[in-house]
Amino acid sequence: MAVLIDNDTKLVVSGITGREGTFHALNNKSYGTNVVAGVTPGKGGQDVEGIPVFNTFRDAVAQTGANVAMVFVPPRFAADSILEAADAGIPLVICITEGIPAHDELRVYTHLQRTGTRLVGPNCPGILSPGKANVGIIPASFFKEGNVGVVSRSGTLTYKIGNTLAQAGFGNSSIVGIGGDPVPGTSFIDVIELFQADDQTELIVLSGEIGGDAEERAADYIAEHVTKPVVAYIAGFTAPPGKTMGHAGAIVSGSKGTAVAKAEALEAKGVRVGRTPTEVAEIAVEILGG
Amino acid sequence: MAVLIDNDTKLVVSGITGREGTFHALNNKSYGTNVVAGVTPGKGGQDVEGIPVFNTFRDAVAQTGANVAMVFVPPRFAADSILEAADAGIPLVICITEGIPAHDELRVYTHLQRTGTRLVGPNCPGILSPGKANVGIIPASFFKEGNVGVVSRSGTLTYKIGNTLAQAGFGNSSIVGIGGDPVPGTSFIDVIELFQADDQTELIVLSGEIGGDAEERAADYIAEHVTKPVVAYIAGFTAPPGKTMGHAGAIVSGSKGTAVAKAEALEAKGVRVGRTPTEVAEIAVEILGG
Amino acid sequence: MDLLEYQGKQLFARHGIPVPDGRPARTVDEAVAAAKEIGFPCAVKAQVKIGGRGKAGGIKIANDEDEARAASDAILGMDIKGFTVHEVWIETAAPQIESEYYASIVFDRGAKAPLIMLSTQGGMDIEEVADSNPDAIATLHVDPLLGFQDFHGRRLAFEAGIDADLVRPVGAFLHQLYGTFIAEEALLVEVNPLIVTPERKVAALDAKVTLDDNALFRHPDNANLRDPSDEDPQEQMAHERGLTYVKLDGDIGILGNGAGLVMSTLDVVAHYGGAPANFLDAGGGSKAEAITSAVEVILSDDKVKAVLFNIFGGITRCDEVANGLIEAFKTLDPKVPFVVRLDGTNDVEGRKILADASLPNVHTAATMDEAAQKVVALAKGEAA
Amino acid sequence: MDLLEYQGKQLFARHGIPVPDGRPARTVDEAVAAAKEIGFPCAVKAQVKIGGRGKAGGIKIANDEDEARAASDAILGMDIKGFTVHEVWIETAAPQIESEYYASIVFDRGAKAPLIMLSTQGGMDIEEVADSNPDAIATLHVDPLLGFQDFHGRRLAFEAGIDADLVRPVGAFLHQLYGTFIAEEALLVEVNPLIVTPERKVAALDAKVTLDDNALFRHPDNANLRDPSDEDPQEQMAHERGLTYVKLDGDIGILGNGAGLVMSTLDVVAHYGGAPANFLDAGGGSKAEAITSAVEVILSDDKVKAVLFNIFGGITRCDEVANGLIEAFKTLDPKVPFVVRLDGTNDVEGRKILADASLPNVHTAATMDEAAQKVVALAKGEAA
């Protein structure tokens, strides 16, 4: 089954004519993702190696039936692009762009809550459903199809965990990067809910980090609603308060958002927390009986 | 049964310490409405003939369990008062105030669509459920309990129609004034849906007027969803285009919003339209077999 | 409240929307002085709240001082579809025009959101375009809480088929127009034509703005734009007295309480063959004094041959209405017949007061239909 | 980006928030001149981005020129909790104060909405109030699309127990504070204390403002407030090179790609008993040049005794990283040992490049744990 993206995905890429946009759109396409369109205002009618480019999302949807959007435009244009995709009725928007102003994210989040569109990201590596579709910048070659669902705030760390699992013989249903920004469009809880309902997924790996209280909320949710085993990892035990550790959202404010508090919250609800990425993989292997 | 207000109504009145607010709050109370509180910022702790006054809606709700708000403050404060009532979790707000700026109404309407609060009005006479509760300025003495539900954009005209029915021996389940403003919080359709579901109501009277397309939309809704008989009246056949006929919403714009178009739309969907208030009452009597 | 073209343009300019430079003038001398300041050639444009002034000769180009004098002399005082021209607007003559677009934002009651419309078919009556070629108009509703987004401008511009190089400037123009619509609490802002110059700049060559009267308390500068000399004398008198009055074409004066009831009364009168002279809502809780005042407004229209009072007492008490009518007869001594129908709160008392006063030529009626029939007969000079 | 008190107050003043008059000064002479302009008594306040400066002697009242000179001489250059005072703010001495309130707006990530807090317990550390007397703080989330409404101010003021006559002015103050928060795209605006004068006026006696770095492109004036002299020299160097670097207390330099992986690397190093000297994310798609540049930043911290490279190649290619390291060794000739762990895209190529180059004192590791253990040993002077 996988979650969010699969063989039915028809992808439209905003910013497809930019250097990075072209590279990753083609990369996703070569993986097998059905990339049906690109959007770049003023370049409607052109194409990028056979992928037709439209001036607006509405045109792209009308002409191609696109049902997932990937946003790859610079930060100052990203909020507008997400809102345009939602306005065009696209139910899933995946925003890779890093560095979007926080107030833009707040306005977009609040508005999308009132529409039928789900946002994944911003500042995320995208989603990979191995063997089905890859939307974003996750290097797909390290992952194979399997029964472990991964949801993560960070990119490279996710690859690391996924790769360790793959070396232990396990594959993934889907890998969902929700991004490292203060206001992610999709939360741990949202994705865990999807994995819980997904036939293919037998184990859920949650990769969190310092800042905010998304992991604590997820712990409560897991205790109440999740029957599948969950293994967690939290990065940032050594992060000092008040410093932004790379991700805009990764900051300990006063005594809030520490890795210790998050790990304790998860363990209090019966979620096993690995202290290193290797340990996470080991716990997963133990649970799945590899 | 009645709709919207009944014996379970616990009313809080915003602007209760104003001259009109006091008069109508006490008038509603003397009818039997359970008026539990008033709100006037800075006058918390006082009372109006035994009705306790609070500084905020939240205090009023916390202390009295108020579940319906009536807003009776001047136009420049009305939007704020409605939003405050909604913020306090009150599910039904009835706004009598006339002359609220149209853009205020738009903001309030859009916001309330996203909350659990229903607004009736603004610029409406309120709601009367004869024998149960009266909230607003409808002169209750002309009406008795019965099986005719009335929904109307105008006040006095409603009294006129209700009175004519009463003289013919018929009473009302509820009389709902939705108000004469361009952006009413509750539409004909909303109230008709309630009447359709209400056991007490056997006939629905819709009293419309020029401006907008609410009557046309109601006609479509009635054809699809309403099994009870509906009789309609439309005021403003002689109104010239471009002139606001008293109600801010009563204006024919170009060829849009004419009484002829509305009557035709209703008749096309099988709704009988009386050409005078008397004729409406006659049709109602005929249908109900009075 | 509708603004004159130049008032709308001054509003636009305050919000950064490009408009041609201009000056208003109320006399020929002022107009000539303004023209000299603006420079030649300039346009002399009649300022009236009605369309079609160009065809009516209300817009002339002046190439020098003499032409400016002649043009303003011809236009000031001109009658355009019943509107007298009290003011002209002297404006830099339109720069060379490459294209004429249409842009507007209306307060869409049905959708409960601002509706933006954009078309490349500018300079024409947009209702004609809507009828003959609806696809030529791109439309979009803006979520009132989210507000205008850049993509709205792009979507409209691309859908309207505007040249690629103008997508951005037209989008920016619409953004400013939306800002004006919101900041000034307008019910309509319309630019027709929105011109494109050979330099590929856009500007508003006309401006039609309707403001929300209910919001004027927040916009004192706009409130001052109301020009009483523009209004019908009866409407002006009613406005000063806080009455809701609309002048109509007929000869039967109407007074009622509540907008719906008054509209209904007009309809019933028309139904029986009469022609109402006015809409007058004396309002909820009308006191005797308001009634007297209202009668004075109705009678100041000398076309009125008979008057109908249709009162359904709710908050309004019929005895108060009766007393107001008696007071009006004392001070105004009306020469035309009245038909009075009182129903609702204190109707018995009201009818008794009237009967006791036995005013000359005042008839009563038990129902709205009877009252309408009587007043129609009286207006025709027949017996009630 | 955190602003200094006076920068925050100048921001407030631009949005109509009442603040005491003041001038910034970087030298004693400037400070004395500013004090004469402001008038006596005045306050001389150390400008540092850390709380508790009052207790540390960083705020003094000056009653005349000599005292102003002495105060600014004492404060300028003072060390407050590791922050050197480069600037003072000379301010009209606080008017008589009747009450001290607390007001703030924070960007609440959990609730995904601005959170307003108001308390009558001003002048204290608000976290202490929150712990000891949480009911003393009134809180409210604002819907970001609806914005601040008048009732928000009333609700907060009444719930905080503010005197009835101050409900309106405090509400207006909060409205302006919210306006500032939104217009400047702040992540935090805090006023502690918000004072009430005997004339029952309110004003901001302190200002703590954090702006969103990601939004500075829309606020060029604010972007100019960044003071590089304030930053740690390594952080400044990294910032100029577009690298994400955070200085830490230890002696093991860390370089990785991706914020999560770098945080994880720090944790694993600490897990094995090491102390990281920094967080450095070379970013996605790191090229050789960026790696060289990053090594230079790490080595410029002379506490560093060993360096760990932990790369998981995704977009980043391990061969590029290896080449960058070789280039760094050529130009920088580092004296400390390196441990390099390459995994992911082109890891085989990268490892081969490193092996062929046989750089002095560069060790490799197959796993993150092994790499961490090695670098900890090397930093302690043990064999890897």
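A, B, C and D are the chain letters, set down in written order, and residue numbers restart from 1 in every chain.
Keep this in mind: a residue touches a chain if its C-beta (ideal position, glycine included) is under 8 Å from a C-beta of that chain, and two chains touch if they have at least 3 such contacts.
Bear in mind the structure is a predicted one, so any value in this text is a computation, not a measurement.
Counting steps between touching chains, the shortest path from subunit B to subunit C takes 1. Once subunit D is excluded from the assembly, the chains that remain, linked only through touching, form one piece.
On a Cα centroid basis, the chain most remote from subunit A in this structure is C. Simply put, of A-D and A-C, more C-beta pairs touch at A-D. A straight line joining the Cα centres of subunit A and subunit C is 55 Å long.
Between the CA-based centres of subunit A and subunit B the separation comes to 48 Å, rounded to the whole angstrom. Once the centre of each chain is set as its mean CA position, subunit A and subunit D turn out to be 28 Å apart. Shared interface positions of subunit C, defined as residues touching 2 or more other chains, are 143, 145-146. Multi-chain contact residues, meaning those touching two or more other chains, occur in subunit B at positions 107, 111.
Per the touch definition, subunit A reaches subunit D in the complex via residues 75-76, 99-104, 106-107, 109-111, 125, 137-139, 141-142, 152-160, 163, 180, 182-183, 207, 209-214, 217, 233, 235-240, 243-250, 254, 259, 275-278. Within the complex formed with subunit A, the residues of subunit C that make contact are 143, 146, 149-151, 154-155, 158-159, 164, 167. Within the complex formed with subunit D, the subunit C residues making contact are 145-146.
Of all the residues in subunit D, the ones that touch subunit A in their complex are 107, 109-110, 112-114, 127, 143-145, 182, 185, 187, 212, 214-215, 217-218, 244, 246, 248, 256-264, 266-271, 276, 279, 281, 284, 312-315, 343-345, 367-369.
Residues of subunit B that touch subunit D in their complex: 41-42, 44, 55-59, 77, 80-81, 83-84, 87, 107, 111.
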